[in-house]
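Just passing along the structure, written as structure tokens.
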Amino acid sequence: MIASTAPPTIRVTVWNEFRHERANPRVAAIYPQGMHQTIADALGRDADLSVRTATLDEPEHGLTDAVLEQTDVLIWWGHMAHAEVADAVVAKVRRRVHEGMGLIVLHSAHYSKIFKSLMGDTCSLSWREASDKERLWVVCPGHPIVRGIGPFIELPVEEMYGEPFGIPTPDELVFISWFTGGEVFRSGATWRRGHGRVFYFRPGHETYPTYHNPQIQQVIANGVRWAHTGLRIQDDAPNVAALEPLPADPDAAHRSTVSHV
Amino acid sequence: MIASTAPPTIRVTVWNEFRHERANPRVAAIYPQGMHQTIADALGRDADLSVRTATLDEPEHGLTDAVLEQTDVLIWWGHMAHAEVADAVVAKVRRRVHEGMGLIVLHSAHYSKIFKSLMGDTCSLSWREASDKERLWVVCPGHPIVRGIGPFIELPVEEMYGEPFGIPTPDELVFISWFTGGEVFRSGATWRRGHGRVFYFRPGHETYPTYHNPQIQQVIANGVRWAHTGLRIQDDAPNVAALEPLPADPDAAHRSTVSHV
Amino acid sequence: MIASTAPPTIRVTVWNEFRHERANPRVAAIYPQGMHQTIADALGRDADLSVRTATLDEPEHGLTDAVLEQTDVLIWWGHMAHAEVADAVVAKVRRRVHEGMGLIVLHSAHYSKIFKSLMGDTCSLSWREASDKERLWVVCPGHPIVRGIGPFIELPVEEMYGEPFGIPTPDELVFISWFTGGEVFRSGATWRRGHGRVFYFRPGHETYPTYHNPQIQQVIANGVRWAHTGLRIQDDAPNVAALEPLPADPDAAHRSTVSHV
Amino acid sequence: MIASTAPPTIRVTVWNEFRHERANPRVAAIYPQGMHQTIADALGRDADLSVRTATLDEPEHGLTDAVLEQTDVLIWWGHMAHAEVADAVVAKVRRRVHEGMGLIVLHSAHYSKIFKSLMGDTCSLSWREASDKERLWVVCPGHPIVRGIGPFIELPVEEMYGEPFGIPTPDELVFISWFTGGEVFRSGATWRRGHGRVFYFRPGHETYPTYHNPQIQQVIANGVRWAHTGLRIQDDAPNVAALEPLPADPDAAHRSTVSHV
């Protein structure tokens, strides 16, 4: 049998659009080196995680084949420039998820090409930038993503996202948020796609210090470990031989010659 | 209250690639006017269904805005020419599903652009054209899609599709198939996407008379009624006002001016 | 094929503990004839519904074999006397659900024997009787249970129920509630059990006029139609013959003589 | 943050009815010390598992409070004597599952009191003792329960179980079985109940050497690790104070004095 062993090092890439931080002094004041760096610094304190970053304006958005090859879990933050992400990069990320890479989708990346492509849904929601408090309630207390988190996380000010959220039925619903203004939102949810795992986690508007919050950092770290499958399985649609005897096939000579794939 | 009323007429469009039937005399012998016509004729016998057809080689693949506007449920069969379906048409069909249109995806259309786009998954499977019998077991006996169907449907010869099938967890698993050669397959499954409903139904290889089978016809007719939502809701991501009092917002002057959508 | 026909009459039984109304003048002032009668009166205005009531202190709790035989959908409200419901009656109701009867579980009946028995879970939650407003958000806008309901239902005062709610993953999550005091709750959810359908719907504390609210009445009526399966299928564990040839069985003489069931 | 550490020792109790082995020489020949001992021996070879056994005819069925206290994952095999399991023991096991204990339910234990109690469903199926081969197909290839297992497991002879299987929608469907005689079955499935995890795994008729099969042993060992939550959370229905300001409550004096629980 396969016995459990020491946990492997998980290779994490934190991807960020990194535009707000350079354009808006208020955002820069909170995240001087970008949200990706704040998240990477937090994750990097854990011995089992090996963390790098990548951003939109790097060549190939920083997601070269080599980087993607060496990424077990990808974290994604985007907002104002979803349309600038090259379709070819999205296709590569999608293929890696199907092969077994984990993907953690943060906040406004609900509208990223990669998330919409993996969900097949509108991913729409209602929203408001005001002075709402957000309280994220744990609705799946035994889930590894909420390890070390109490009954809820409270964020003093956050952008509001409201239902209905245009997503497929989650495999697991982990958080539901309450907002001062009267709305609710499914703010933590998971899905499998191919051999990969996807975790959407709502908080993180650029004008608030959300990614400095230790509980938010903990959920992201937990999410990384949960999303890490260790798998790398190429997609395939094999033409297979029968495992049991078949009756004689009088039509064999007439079989379609069109490949299935 | 809203009382139930007589069932509405459901407007169905049966879409078919319609290439095998014109290229392969064996297929033409089974479906002289195309598989779409066989399916449409069967559905057309039901008083509550109003049926039209559309095919790949018509202008806009027969799926003009006018046709899609007047379609409540779309049935899709494709195989050898998935790549020839225009991306713009796929985008329109996808939008209509999100608005509430039903979609029934048949057999080799598991690899159609529209199904892959709505699933976000590989949609891969193993396969074999041989002399397998297929027996589709009903695993959700109370589901409206199997109304009038007994414990299983038996097809004397069909192409084999085998697990693993690269699909998201179905909202409902309706059929599981047994094949002579030793494989199994989740052969009937449903998902919601946006306000629309999607039903994948496996049988229907072009070289067999599957769509002449009354039970298969019944499942498709049941599927049409199940997939009919009567909804037409435009996608939207509204910026909404609070429903409850908010604290004063000292940051209002600094709000992002980037539209969320 | 089976064509759709005019909707059948659905036979509804509204069951109520009917203790608070007789013990507490404040409750009696709101529901002089009991909550069951208010709900039954509302449903009875719909031509396709045939409604009766039953209460705890009637013989057999009003749920004789004859009543259960003639019930397509059972609605259940209980709170202070769950323990007084006879186990034999619970077993009969459970059997009827498995055969295809619908069950709508209201408010504090989350802790009823029948609901706990069908869920297999704790069904626990946190709670508060205070001055919370409840806003029930529709998170599954195309669902038949929310037909005619807008984006949310607002109840000026209700008891608070908070997460985590100890239920199995719902087949469908229909409503999530927001409460003034800062909590959220999965307040409308569905499950299949056997051939039957179960809908849990949260609102309805006895000291508030919730069941006089037209939207709440509409959801219950929608729920009745959704939960009506028209099925009556006895449970069975048949010993079945093979459908395909088996190899010779050298062990036949040694087969266990213990019946499987 | 919480960093991952070396895997904990998981305390496993293998429970067996242990009647067939003592009554039927053919079963005794395969499992001289009982199926529980064969399973325990296999699990005991893994350094991270600490294994004990318990059987029906021991006092309290071997499941004293002390044993249950020290059990992280319970494995259950029963068949001919389900009715002899004391309801009080079933209630204790159920409570432990809700608190976070894992439960692995094998083969004919689909009809055990504990499984039926946790599922809330009929748990019925069709069956045949003959000479069927069983092939268990992995339909969720990335799942930890199938770590080290290839595309399928083949068992030369097994009892047949056929659909429909009267279970709630699984959280995860892991295996689907093919049988020679023409049937299929959802033979590996998982659910959460309370804070605990439940895995049903079909194979293991007493007259076949199934539990000597290394792949079957591997799946059970994987299942133990998957089902181990490390949680111990008492059920509770707390009356909680509001987290946000509430409007004044004119009705406070009239609040029900009936405890919610």
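Labels for the chains are A, B, C and D, by order of writing; each one numbers its residues from 1.
Criterion: a residue touches a chain if its C-beta (ideal position, glycine included) is under 8 Å from a C-beta of that chain, and two chains touch if they have at least 3 such contacts.
Model, not experiment: these values are computed from the prediction.
**Q** Count the residue numbers both chain B and chain C use at their shared interface, divide by all numbers used there, and answer same if that is over half, different if under half.
**A** Chain B vs chain C: same; shared/all numbers exceeds half.
**Q** Consider the two chain pairs A-B and A-C; indicate the one with the greater count of contacting C-beta pairs.
**A** A-B
**Q** Report the inter-centroid distance (CA atoms only) between chain A and chain C in whole Å.
**A** 36
**Q** Measure off the straight-line distance from the CA centroid of chain B to the CA centroid of chain C, and report it in whole Å.
**A** It comes to 31 Å between the two C-alpha centres.
**Q** Provide the C-alpha centroid distance between chain A and chain B, rounded to the nearest whole angstrom.
**A** 28
**Q** If I count partner chains per residue in chain D, which residues reach a count of at least 2?
**A** Where chain D meets two or more other chains at a single residue, that happens at 135, 140-141, 162, 169, 171-172, 180, 182-183, 192, 243-244.
**Q** So in the complex, which bits of chain C are touching chain A?
**A** 135, 137-141, 151, 162-165, 169, 172-173, 176-179, 182-184, 186
**Q** Tell me, which parts of chain C touch chain B in their complex?
**A** For chain C paired with chain B, touching residues are 1-7, 42, 45-48, 100, 135, 140-142, 147-148, 171-172, 180, 192, 195-197, 214, 217-218, 221-222, 225, 229, 231, 233, 243-244.
**Q** Flag every residue of chain C that touches chain D in the complex, lowest number first.
**A** That would be residues 20, 24, 26, 79-80, 98, 108, 111, 117-122, 124-132, 157, 160, 162, 166, 168-169, 171, 180-183, 191-194, 206-207, 235-244, 246-252, 254-256, 258, 260-261 of chain C.
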